[in-house]
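Letters are used for the chains, namely A, B, C and D, taken in the order the chains are written, and counting of residues starts over at 1 for each.
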Amino acid sequence: MKLTKRKLAHIVFESNDRPSRTFDVVLLILIFGSVIVAVLDSVTELKEEYGRLFFTLELIFTFLFTIEYVLRVWLTSKTFRYVSSFYGIVDLLAILPVYLSFFVANVQLLTVVRALRLLRVIRILKLGRYLAEADFIRRSLKASMTKIQIFLFTVLTIVLIMGTLMYLIEGPAAGFTSIPRAMYWAIVTLTTVGFGDITPQTPLGQFVASLIMLMGYAIIAVPTGIVSSEMAKQKSPEFHATSKTCTYCGQDGLDKDAKFCKNCGHPVDIKP
Amino acid sequence: MKLTKRKLAHIVFESNDRPSRTFDVVLLILIFGSVIVAVLDSVTELKEEYGRLFFTLELIFTFLFTIEYVLRVWLTSKTFRYVSSFYGIVDLLAILPVYLSFFVANVQLLTVVRALRLLRVIRILKLGRYLAEADFIRRSLKASMTKIQIFLFTVLTIVLIMGTLMYLIEGPAAGFTSIPRAMYWAIVTLTTVGFGDITPQTPLGQFVASLIMLMGYAIIAVPTGIVSSEMAKQKSPEFHATSKTCTYCGQDGLDKDAKFCKNCGHPVDIKP
Amino acid sequence: MKLTKRKLAHIVFESNDRPSRTFDVVLLILIFGSVIVAVLDSVTELKEEYGRLFFTLELIFTFLFTIEYVLRVWLTSKTFRYVSSFYGIVDLLAILPVYLSFFVANVQLLTVVRALRLLRVIRILKLGRYLAEADFIRRSLKASMTKIQIFLFTVLTIVLIMGTLMYLIEGPAAGFTSIPRAMYWAIVTLTTVGFGDITPQTPLGQFVASLIMLMGYAIIAVPTGIVSSEMAKQKSPEFHATSKTCTYCGQDGLDKDAKFCKNCGHPVDIKP
Amino acid sequence: MKLTKRKLAHIVFESNDRPSRTFDVVLLILIFGSVIVAVLDSVTELKEEYGRLFFTLELIFTFLFTIEYVLRVWLTSKTFRYVSSFYGIVDLLAILPVYLSFFVANVQLLTVVRALRLLRVIRILKLGRYLAEADFIRRSLKASMTKIQIFLFTVLTIVLIMGTLMYLIEGPAAGFTSIPRAMYWAIVTLTTVGFGDITPQTPLGQFVASLIMLMGYAIIAVPTGIVSSEMAKQKSPEFHATSKTCTYCGQDGLDKDAKFCKNCGHPVDIKP
C-alpha cells in the first residue's frame, strides 16, 4: 500500500480506520507522557535527581510534536484556518517552550508557556465526542446550561450580600479584611468546601454563618435537581433503540406505543 | 417623537419595548458599577491609591440615582405606594449615604447604610421574572417550600440535641464553650462545611461526631430529593407550549412535530 | 360549660378542637422557652449576668411541667403504660433536675439530666405527624431505609479498610495515631466535611486521600439517588387527587387514564 | 443425623438452610471480633493495658480461622481453584500473621499483613448478594459506571489544568510546592472536602479558587444526576414481580392488585 499525501492526511485528521486510530493512540501516549514529565519535573526532589532525564524526554517529545505540527500544516488543505484555530495555536504552544529556551533566560516564563501544553489534553476529550455516553452527559449539561447560569448568578448575588454583611459584622480582626475576601469566604462556605482559613469569631458572625450554611444546604439541591431532571428527560442511547421508525416515510423517534406514524399517518408495523 | 410624561413613565416602569429596555440596561450598568466601586473601596491597598477616584465615581452614581429616584416619584401615579414600597425604600437608601456624609461624622455607620445599596441588585433579579427558565426554578422551589421548611426544622432539632450532647462530652477545653457555640459546630459539621476551627478531641467526641457526619451524609439527600422530584413533576416551559391533543380521539401528550395522531391516525390540527 | 375529667383528658391528650390545640400551643411555647433558657444558661457571660433570672424561669417551667405531668398521670386511663412509655419517661426527666438539685451537689450531673429535657422537642415533631408533607418525607425515607442501611454498611467497610491503610501509610507523625482515629479521619473525608485537624503529609498518603475523596464524590450520589427515586415513586398528596375512584365498588387509587375499574370491571365515570 | 462429608461441605459453602446459615453467622461474628481486636490493638493506651488479652484473642481467632481454612481446603472438590482464588488467598492471609510472628522479627511488616485480614469483611458483603435491595444499588451503579468513568476522567483533566494554574499563581510560599501537591489541593477543593491545610493566599489565587469551587458546585450535580436517573430507570424489585399484562387486549403495566384490565375491562388472569 503506497502512502499518498491523501492517505496520510486521512491518518492524521480522521479516526475511523485502523492506521488513523493507531496514530491517535500514539499521539495520546505522547501527550500523556509529556504531561507526566512536566508534573514530575515540578517536584523539587525529583528534579534534582532526574532533571537531566526529564530534559532529554522533553527534547524528544518536542521533536515528535514538531513533526506532528509540520505534518498537520503541510497536509491540511486550509493551512491558515488550521494555524489560526484553537487547536492550531495549542499545537504550536506545545512545541515553543524548548525552542524559546535557547533565546530566553527567564525560566519562570518558560514554565508558564510549557504549562499551556496541558491544554492539549483537551484533544483527548475530543475523542470522547463519539462516545454515546459522553454525549449523553454533554447534552444533559447543555440543556441545563441556562438554568445553571441563572442559578450561578443568584448564588453570586447571595455571595455579594452575605460577604458584605460578614465584612461589616466580623471586620479585619477575624480575617474579613475586605469585601472581596469576605466574598471568597462566602463562596468557600456556601459551596460547603469550608477551608477554615477565615472563620467567624463573634457570636453574631457565627449565627449569620449558620444561616449561610443552612442556605447552602438547601441551595446545593438546585443544580443537582436541574441536572437530574434533565438527565431523566434526555433519552438515553438504549432507550432510542426501543423507539420505532416509520417504514413508509422513514420518520424515526416514534413513541413505542405509537400505532400510526405522527408524520405521515401510515400505520406503524409492530416489531416482532 | 415628543417625550410626554406618559411615555417617560412607560420607559421608566415597563420593559417591553426598545427605549424602556435601554433604560433598564443603563440602570443595570450603573448599579453594577456602584457595587463594584463599593467592593473595591473596601480593599485597603486600593482605597489608599484610588480613594479619590472611588469618591468621585460615588458622587456621580449618587447624582444619577437621585435623578432616577426623583423621576420615579414624579412619574408614578401612586406616589405614596412607591415611596413606602420595598423597592422605594431601597432606591432611597441607595442615594442617602453621600448626602448623610455631609452631616454625620460616624464613618462606620455610613458604610453600613451604603452597603444597603447592594439590595438594589435584587432589582436585577426582577428582570429574570420574565425568563421562563428562572420561573421554572422559582416554581420548583416554591412547590418544595413546605417540605424544605419541615426539613430545616428537623435539622435544627438534630442540631440542638447533638450540640448539647457534644457540649457535655467535649466541654470548653476543645472549643465547645457553650451550647450555642456547640450548635454552630453541629451546623458546620452537618452541612459538611467543616471549617475545623472547633474539632472534637476526645475519642467519644470523635465517635459522636462520626455519627453526626454519617447522618449528614444521609440527610443531605433529602432536600436534593425534594427539589429533584418537584422539578421532574414541574412541566418545563418547552413541554407546556408544545404538547398537542388530538381533536378526533382526544389522545393527548402528542409530540409538537406530530402531524397525525399516533393513536387513531387522524390529522392533528395545528394550533393557531 | 362544665370542665369534666373526660373533657380535660380530651384537651390534654387530643389535638383536634380549639381548647386542646390551645393547650398544645401553650405547651410548645413552654418547651421552647425552657430549651432557650437552658441554651443561654450555658453561655458563661450570660450566666454571670442573668443567672438568677434563668434560675427563676427554670423554677417556673419546672412548676408548670410538674402540673402537666400530674395531670397526665391522673387523666390517663392506663397510668402505668403512660409512666413507662418513652414520652412518660421524657416528661418525668423534664422535671427531675430542679428537684434533684435540692439533694445532689454534683452540678455537672444535673446539667446532663437537664439536657435530657431537650428530648421533649421530639414531642413538637409529633404534631407534624398530621401534616401530609411531613408524612411524605417520612414515607420516602422509610421506603429508602433498607437501601440506606446497606449503603451505610458499605461506607463503614470502606472507612475500615481506608482507615487502616492510612494508619499504615501516615502513622502517628501526621496525627493518625490509631486505627479508630484514622477511621474518624476517613469518615471526615468521605463525607466531604474535611475539618483539617488531621491531614496526610506524605505524597503517598495524599495520593490515597485523593482516591478516597474522588470515591466520596461518586458515593455521595448514592443516597441522593435512592431518596430522589423513592420520592419520585411516592405519590405526593396532590397527585392522589387526580386518581379516580370507582363509583360502583368504591375502589380508589385508579389510574387517571383508566376506563374500567381494575377491581370490578365496571366502566369508570369521568369526573366532570 | 449423621454428619457426612457432603453435608459438611454444604454447611460450609452454602447458606440456604439452618445449619449452614448458623455457620455463616458464627463466622461473621468471628471476623467482626478479630477486626475489632485489631482496631483496638492499634490504640496505644489500650494496647498497654489489654495487650496480653488482645494477643490471646488473636491466637484463638487464628486457631478457629485455621480450622475453617483446613475445612474449606479438605471439603472443596476443586482444591487448587479455591486455594488460588481471591477468597482463598484472603482466607490464608487471615491466619498467616500469627504463624509468621514465630519466625519474623519485623513487627511493622506483620501489622501490614495482619491488616489484610480486613479484606475478609468483603465476605460479609457477599452475603448481601442475595438481598434484592443491595442488588438494586449494584445494578444502578453498574449501569452508571461508563458515565461515571467519563465523568472522573473529565474531573481529573480539570484537576490537572487547575492544579498547574494554582501552582503557577500561588507558588511554594502558600504550600503549592509542586504540581502533584497543587493537584491534591484541587481535588480537596473540587470535591468540597476543603481540609484547609493548603489555602490560596494571593487575591488572584483566591479568585481562581472561587471559580474552582463554583465549578465543583455545578459538577457535583453530575454523578448524582447520573445515579438518580439510572435508579429511576431501574425497575425496583417490587415493581418487577407485580406488574401484569392483560391477556385479552395486551395492555401492560397493570397494577398488581388489578382484577380487570383498566383498558378493556376483561378479567386479568392471576399469575400462577
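One rule holds for everything that comes next: a contact is a pair of C-beta atoms (placed from the backbone, for glycine too) under 8 Å apart; a residue touches a chain by one contact, two chains touch by 3 or more.
Labels paired with UniProt names: A, B, C, D = Voltage-gated potassium channel.
Model, not experiment: these values are computed from the prediction.
*Asks:* When chain A meets its copy chain B, do both sides use mostly the same residue numbers (more than half shared) or mostly different ones?
*Replies:* different
*Asks:* With chain centres set to the mean of the C-alpha atoms, which chain is at the far end from chain C?
*Replies:* A
*Asks:* Work out which of C-D, B-D or A-C repeats the contact pattern of B-C, with more than half of the residue-numbered contact pairs in common.
*Replies:* Duplicate interface of B-C: C-D.
*Asks:* Based only on mean CA positions, could you tell me how far chain A sits from chain B in angstrom?
*Replies:* 28
*Asks:* Where the CA atoms of chain B average out and where those of chain D average out, how many Å apart are those spots?
*Replies:* Comparing mean C-alpha positions, chain D is 40 Å from chain B.
*Asks:* Two-or-more-chain contact residues of chain A, please, as numbers and ranges.
*Replies:* In chain A, the residues touching two or more other chains are 180, 183, 192-196, 220, 224, 226, 228, 232.
*Asks:* Under the touch definition given earlier, write down the residues of chain A that touch chain B in their complex.
*Replies:* Of all residues in chain A, those touching chain B are 146-147, 150-151, 153-154, 157, 160-161, 164-165, 167-168, 177-180, 183, 189, 192-196, 199, 203, 206-207, 209-210, 213-214, 216-218, 220-222, 224-226, 228-229, 232-233, 254-255, 257-265, 267.
*Asks:* Given the complex with chain C, which residues does chain A contribute to the contact?
*Replies:* 192-196, 224, 228
*Asks:* Per the contact definition, I'd like the list of chain D residues that touch chain C in the complex.
*Replies:* 35, 38-40, 42-44, 111-112, 115, 118-119, 121-122, 124-125, 128, 131, 133-134, 136-137, 140-141, 148, 152, 155, 180-181, 183-184, 187-188, 191-197, 220, 223-224, 226-228, 230-232, 236, 254-255, 257-268
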